[in-house]
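Two complexes, one shared chain (subunit A), two partners (subunit B, subunit C).
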Partner chain A sequence: MKLLKASRRDSLLRDLRRVLPPDRVRVAPLERSIMGRDASIFEGGQAGPVCFPISTEEVQGCVDAARRHGRAVVPRGAGTGLAGGAVPLEEPVVVVTTKMNRLLSVDADQAVAWVQPGMINLDLSRALAPYGLHFAPDPSSQQVCSLGGNVGTNAGGPHCLALGVTSAHVLAVEVVLMSGEAVVLGDPDGCAPGLDLRGAYVGSEGMLGITTAIAVRLTPNPPAVQTLLLAFDSVDEAAQTVSAVIADGIVPAAIEMMDKNIIWAVENFVGAGFPLDAAAVVIVEVDGLPGGVAAEADRVAELALERGGRVRRAADDHERALIWKGRKSAFGAIAQIKPNYYLHDTVVPRTRLAEVMSRVYEIVEEHDLQVMNVFHAGDGNLHPLLLYDRREPGTLERVHAAGSAIIEASLAVGGVLSGEHGIGIEKRDFMPLMFSEADLDAQARLRRAFDPDEMANPGKVLPTGASCADVNTLGKIPEGVWG
Partner chain B sequence: MNAKASLGIDPEELASCVACGLCLPHCPTFRVTGEEWASPRGRISAMRQIQDQGAAIDQAFLSSMDSCVQCRGCEPACPSGVPFGSMMEATQAALARERRIDWRRWGFRVLGYRRLLNLLSRVLAVVQRLRLVPSKRLGLPKIPLRQDRLRASGDDVWLFTGCVMDAWQRSTHAAVKRVVESAGVGVALPGSGAACCGALSLHAGLEDHARALAARTMGALAGSAPILVDSSGCGAVLKEYGMLVGTAEAEEFSERVMDVHEWLATRLDMLPPAGEQDQEATVAVHDPCHLRHVQRAHQSVAEVLARYATAVALDDDGLCCGAGGAYAAMQPELAASIRERKLEAIGRSGADIVASANPGCTIHLANAGVTVLHPLEIVDEMLGEILDQAADDDR
Partner chain C sequence: MIGGKTRAALESFAAEVGSDSPVAVVGGRTHWDLGGHCLEETRLVRAPAGIREFDPADMTIRVGAGTPVEELDAALAEAGQQANLPLVPGATVGGVLAVGRDDVHALGRGRLRDALLEAVYVADDGRLVKAGGPTVKNVSGFDLCRLLVGSLGTLGLVGEVILRTWPRPAAQLWMAGQCDPAELRRKLYWPSSILWDGQTSWVHLEGHESDIESEAEQARLLGCDSTDGPPPLPAYRVPATALESERFPGRYLVQVGTGVAYVSEHGPLPDPDPAVVALHQRLKWQFDPRGRLNPGRDPLAAI
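Up next, the complex of A and B:
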């Protein structure tokens, strides 16, 4: 039996190596096990052959070979996903797009660029600097995450408050379907007829196909920017200031909040002058024409002062960059305190922010855990990080219990399960809390319209039994995946 | 091999990576391959498989470790401060104990014997001139047939001269010495006692050899005078003797060590002023990894250079050039792909001359046809012109 399985694997390998040179199909146990995880909590995924194609045709070849051998396919970019979307289950063929990292074309007049999926988000904006343009979605991981991954999770970022998340900046995608066919969804001119299949595809977490090229909408760099660092003695005052700014009719480019422990950890790393005595800081960035920027910045400062805040304005680009570096390093700085974290991503109505925040602190205390909050306050997208050390027995159970309670508390006030990180494996089993059976069935049918045999990234997003046909064989998350 | 704890990495260090991936773009081998096992996160994951999960050390593990340049660009990029360099050194030491390192690395033992090294260098220089060795492919510079002896000029500061740099690039030491002297300071030389700092041995996992070299070096650079270093790879390890040797004496020694630019940057007013022809030359400043990521003193090079030339920073976030001590010779293909990115950044800078404060980088970049000088060679040349100018004016 074991021999039979091995020989089947070898013929798959042979077929993959007909498509790609041997050094771009990796099968050594260590090489596969390293691919067993991304930046999420999961550590025990099992990858099959790991492929590094460099063209659409090669991706098609990998998909064809996998299909002939009845093997699922999991696409992977830089592996910075936070919900386990790229974690392979049951030895699928893993298609890594990092070597497809070129900027294919730029049309500065139309503000459109075609890019390959493995291009790093920040590399794109840097390459666009001579045109005075950038790609607006800026996830905290933007210096490393791939644009294909951004499309997969419909990624957000601090500057998505005013400009919208990835879907608003993707005009078209070239996709290799599980049939092996390459199709273009959407239109780079922004006038695709018929149903918006591009819209269905962005955020589908690799379950509809593999992205092989993306037409992105480019955003002009703002003529003026001001960044304010507001410090508060309580999280409540900080949350109220956020609500007040929004209620005042200002739509800042970004509003981000960090609480005490995370301020300490990031300040320790960047030395940006974050106030260590504050219970919370709020970073507000306003941009646009110089006159408007100055007026809005003054108004934000006024609203903060009225609520007991202290106000610091970034004096120059260097200070501004340091403040953002601090904000964007937050998750990675956690190991200064604990080696592991479980991160949630719920979104709550902005008017209920203060209330949900205090509930989060209560829940964490009830479960005897530590929490850090760093999040997109402007759109109510929470990121509570539950800290733990997986080597301490029994902690993971408490972490899970607290996580469920946070999700329930968020949904209870009319919130949603995930703002931008995706569902992946991690939030999969919470989907029924949010969606009815009919909702889930509709999603499963949409997925099967693209991928009838459910070979693209199986076991993610949709819980078992989500579909009436129930062909999902990956009912339970395999042993060991939760680490 | 004993399966558990076989790599001897501190378990707390090994646990301290949250796998966020922010190090990936700062890793030269990930940048050119896009492959996880050639990234710091992937390498830590591999170390965990061996040490925590008892996996066997196989070829895939060895390639993942040996492909690391040990530039430590991942360290300043890590928000949690994961000490990757120390984990990699522990791993290399474990591999050396198991005799699983590249056999060529045992050759580093020669570096501790100055006369032998000089003799071999002389032979190599002759063989090179007979065109019997493919120098560029081996990552070698043009080795001089003869070198002038350096002579001490006082005892205010030590100038550490090292091994390969002294054997192959002594003229750089001479220029550095003249610049330091122009600040009105007498320079002492350690002689053959401080034959080698031990960096190459340490990075190859030959810890005992590195410690033995450290002990000799500390003995040869006695007293309390500052120890100036003009090779950033050597400077980085001399500053880490405290950790390597683990004694109070070593800690004190390390505190005396300064990169020569770091020392000069706080004494700029002691150097002669720039002449009329100042800042005509545009120089791209290449930040050697061990100056930028380990010593974190790279700003001082631009500060010193800016007094005499227009110094331009490269726009690649200090990504490694691929030289990595002996790396360019051990992993020529990866080293060359990494260098390609650096050459592109140099091209974008528009400068004709590149300044590099590390001999390895200088050799590696020069082999690709770039004009590379030590920053103080440029300053030395400017000072020479300024002094000539002053002499002319007097006449």
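Up next, the complex of A and C:
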């Protein structure tokens, strides 16, 4: 890794500080070291100057300065990504949008709000409560993740089963392209002429531009909700029940599954009232108008009982909240068992869930690791958490080997690499397992249409064969990044 | 996994499209002149047709793009399911996706653009390209599927798709009356469609029978009554906001909550942002630098 010459660095800094006040362009080693990571296991990212713009014009100014100095730009929200999408490679200018965190407008009649990208996901739904509306995508990190990041990864969450992931809830985005131009893709009213540029942009992991404002579609709060906690003596029965619910023509608001290990960890952590003698629990939530909710909840209970399940219905909002607290505390609870975890994110066809789950347990055993499963079962979106202690020699290698085997097992039954976390650095080199050279070439063409010089978040998503990036530096994951 | 027969059909489609000379894909010709006229010397091809793979328990279906939407709907109906595609008589699956117009029930069922999970298309150089993936949730790589919906076949000629399916509603009801569509939207929880022609509102309710009864009661209080359904949609699709700024002499029908209005006649519409036009040009140049795919058609001119 070449060190950038001090004089070049200084002149970039000078230009950035013409656009932003000095306290919002930071180069202190601590700041850059924090910005060198996200919530993934990747270490070793190298941040250049870290900018905190507060307006679209300031973002344009940062992009212009970076371009003049031939420096790449990495957009960053709250840094909660799990695939290394925000990990900067080769000292790019890092544009952090956390200070652009305002709710710009709400049109309750049209069910549309404009937000800035740094706004926290849960803050938006809280702000919308008086209108009886909410933003449907609810990633487990919703208390801390930003909406700009949600757009970048096309984020999901438990309640995306019936309503779809972020893309279905974004009507328009204001984007600063790498040319420095600001452009609105899509239309807040929902009818933009021409190609769906909005759709192409959502989920592009910061590689097409920087999001500076988002028009989100708002969802009415359901008049009735029922939450069921189903307990099973085997993971297989639980998985079969999930498939049976979908096969029965019911699309609940959410279907989440947790296995024995995570049930114990969560109970110990928050006391959500999960049955400790169960091999797996399934949380099913149905919502909508009361008649449909009652009928679907009854049918779900019936299907669970037929498969040997025990059924508990949340009696009130308090009990419902407690069940969800248990689900959403899962990741925090893990620290009691091992200091580190590696969270995977593949999707399989829903009819293959039971089979792939047993394969996951076999793989983990073959690699002498511990696993916990807490995931969006209704979508077929697996989240095996491989637990490890990085201080134990050789563990990380086993974690990676098991991870690769899980990815291969998912793809083998017609699954995909990622359901909601994205590709980032983590799965970049797995892309050829799912896509041919021609498929990847098409994705690279989309990228170049927006960003011909590939200056936005380079080195992510597309393996190097699919782009013009520097083969020597980006052909392999840079040393040290895997931690 | 793509079976042998399916792959063979796609490969022969790709061979037919070839790698040079102007070529366009024909569906049901229901919107053949949308976004411009196909140039005369253009070779015409048809996408493979037929249902390739359907496991109702997965709630996804793989079909040849040349399959008529009515055939798709009949196959899904047998399993109590439906896809969120407009049932335009005579139209094909690939055709309605290329045109990109939402079904009339988009308010409740969601947009057409969200129905497409995976597409296999023939690129300008004759290669088969897969976009997206077969599962209901997928963020593996850039989302080319969204770009294909409404692209009028100008970026690639779609041969086969995987669509997400939904349960068919247990019950449904159209109502109509002289009432304010905004009021209907406020009072009802989740109608699947509200249409308005400037005087009359049409509203579609679907779901559990008892819920429809209670929602219908709300609609009756606002002056609506049961009806067979809405009138046919006028020919042209424009942004609903255009109705405010332009004079529309003919008939119109606003699809409330989707930003769309259908009009029988239209004047000039506002020019799109030059930066948006430039992105369209760069995408076309990246995906079809020789301009051989569906020449003469322009998604930005599609109204």
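Convention: the second predicted complex is superposed on the first by the 472 of 483 C-alpha atoms of A that agree within 3 Å, B and C clash if a C-alpha of one lies under 4 Å from a C-alpha of the other, contacts with A are read in each partner's own complex, and residues count from 1 in each chain.
Rule of thumb we're sticking to: a contact is a pair of C-beta atoms (placed from the backbone, for glycine too) under 8 Å apart; a residue touches a chain by one contact, two chains touch by 3 or more.
On a predicted model such as this, the values are computed, not experimentally measured, just so you know.
Undergrad: Check whether subunit B or subunit C contacts more residues of subunit A in the superposed model.
TA: So, of the two partners, C touches more residues of subunit A.
Undergrad: State whether A:His159 touches subunit B only (first), subunit C only (second), both chains, or neither.
TA: neither
Undergrad: Return first, second, both or neither, reflecting whether A:Arg307 touches subunit B, subunit C, both chains, or no partner chain.
TA: neither
Undergrad: Kindly classify A:Gly380 by the partners it touches after superposition: subunit B alone (first), subunit C alone (second), both, or neither?
TA: second
Undergrad: Is A:Asn340 in contact with subunit B, with subunit C, with both, or with neither (first, second, both, neither)?
TA: First partner only, subunit B.
Undergrad: Considering each complex separately, which residues of subunit A are in contact with subunit B in the first and with subunit C in the second?
TA: In subunit A, no position sits in both the subunit B and subunit C interfaces.
Undergrad: Name, in rising order, each residue of subunit B that touches subunit A in their complex.
TA: 15-22, 24-25, 33-37, 41-42, 45-46, 49, 55, 58-61, 64, 78-82
Undergrad: Which residues, counting only subunit A, touch subunit C once they are in their complex?
TA: These residues of subunit A touch subunit C: 109-111, 153-154, 156, 160, 164-165, 167-168, 177, 181-185, 187, 189-200, 202-204, 207, 220, 222-223, 243, 246-247, 249-251, 288-292, 295, 347-351, 376, 379-381, 414-423, 427, 431, 434-436, 438-443, 445-450, 452, 461-462.
Undergrad: Note which residues of subunit C are touching subunit A in the complex, please.
TA: 1, 55-60, 80-81, 100, 110-111, 113-114, 123, 127-131, 133-147, 149-151, 155-156, 166-168, 170, 182, 185-186, 189-190, 207-211, 214-215, 237-241, 257-260, 269, 272-273, 275-276, 279-280, 282-283, 285-287, 299-300, 302-303
Undergrad: Given the complex with subunit B, which residues does subunit A contribute to the contact?
TA: These residues of subunit A touch subunit B: 26, 28-31, 33-35, 37-39, 52, 78-80, 96, 98-99, 101, 118, 120, 122, 141, 143-145, 265-266, 269, 329-336, 339-341, 389, 391.
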